[in-house]
């Protein structure tokens, strides 16, 4: 479904990659951007012991971080030149312990708008047990920095 | 208001401290537990450049991490011996850029329950501009591990 | 995907219909249950002027009501005999004005659990302009009443 | 705290009352606006059997409706002339059965903004058992209709 969205600029992927590269926390985590399409972004995070909670699984903070970033950048792919994206808010349900060797967050645009873009995301764990969806997110993003007139949501 | 809650065990603060100490991501972030009372927990995070987003402010992931932990541990203070706490879900509104020298997350119990405990949290930034509330959270926590039939969510 | 869920009792649809019939507010709204499958429930609401907000569109309260009920009953289809379902919490994003002749809420189970079931829902408006998704929900449901020790949230 | 907010127009209460009066669903429910201050609105709903769920308590839809309206109108009190308010999204935690003779929803502004205003709300039940907080909400509102230039959140 996300494939149906039309980007407003040809360099949407480049803009996402440049912004992602400036997020130092993503480097600290070891997260990488693995897919950027109109309205769809995937971020991969290999397991690292430094990112764990009290039971040795990936901490919800890391799960949330990649889900939020994937959602925000999915929104950014559909925004005009000069725009930046901020998270207004998000909700995440943690569905299962984040147990695995690697994690993939997929963010997708549910509804783009001139001001507000609503996104959904999922995080999947890959490990000896196969694939498990460990979290699902519903997020509200806002476009800033490229507005010229009385935009409406 | 939180002061009215009654802990179920005298060592509630010790249990929170032990669990917090096992969260390796909190050490990676440099977060510290600064207050543990019945139904109320505060976590402090000094600014660090490794934790920033693309504009040099604290990344929402770090803001969310300390808010979620403060809420979860606030819930744990009211749980019985042997119990552990998991985040079922949370929603966070990011109210202002997380610009500051240090950040304080305060989590408090809104309603404790035998299975589900609802918590609210805020994150305040302290800097040259004074204090700013940068985020507010509403979270659902679940008690696991101390239940007779080992029921899990 | 929802089709993969296995109901725990053969009479799951009957239980949903009986519970729905007792919700007097659904009768007041004129909402009807139109589809009950394992992990999937649809509720239809024809437009009525008594249910409008200040611009003459369906009020968010009515949109939310059918989305929440569809999610809750989707969860109930997978619960054991004697169980009842309560909404712990939900978040809804209102994506577009609820303008239409009729509205369909579809709730589906994202992850069933012994205590907590996570559901997602959408509300679609049908009108002269075709179909529009007007809202999306992410909800946390809890099973009560069929548990050995009578645990309640 | 809400008392500190400054309204942008002297007739803020009148604008809220006029908008509320146009919401036909509030009349259907029997809800009334009982308090309008800068950044703070209260809506009262007497119990009515037509508004119940399957156990005879007030349906979550009615609880949510008054909480959302109180939050939205709290936001509107701080908006400029000509502005209208829409709910972008909200999350509500249902804390206890909505059992009582009357219910009061209080919405308050957490952070006002030129585009986005974040609000929190609570619903209290009044009955033979005294007062019970039955729900708490965190909501994101957007200003529409009175924008003249490149507003930012």
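In this document, chain identifiers A, B, C and D correspond to the written order of the chains, with residue numbering beginning at 1 in each.
Quick note on the criterion: contacts are C-beta pairs under 8 Å (C-beta built on N, C-alpha and C of every residue); 3 or more make two chains touch, one makes a residue touch a chain.
Since the model is a prediction, treat every value here as computed from it, not as a measurement.
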## Note on the structure
With centres defined as the mean of Cα atoms, the chain at greatest distance from chain B is chain C
### Task
Quick one: report the Å distance separating chain B from chain C, using the average Cα coordinate of each chain.
31
### Query
When the C-alpha atoms of chain A and chain B are each averaged to a single point, how far apart are the two points in Å?
23
### Message
On a C-alpha centroid basis, what's the spacing between chain B and chain D, in Å?
### Response
28
## Note on the structure
Residues in chain C with touches to at least two other chains are numbered 88-89, 91, 93, 118, 140
#### Entry: Overall pattern in which the protein chains touch one another (line/ring/star/complete/other)
complete
### Message
Applying the document's contact rule, which stretches of chain D touch chain A when the two form their complex?
### Response
86, 88-89, 91, 115-116, 118, 140, 142, 144, 147-153
### Query
Which residues of chain C touch chain D in the complex?
19-20, 22-25, 27-28, 49-54, 59-62, 64-65, 68-69, 84, 86-94
### Message
Please output the residues of chain C touching chain A within their complex, sorted ascending.
### Response
91, 93, 95-96, 110-111, 118, 120, 133, 136-138, 140
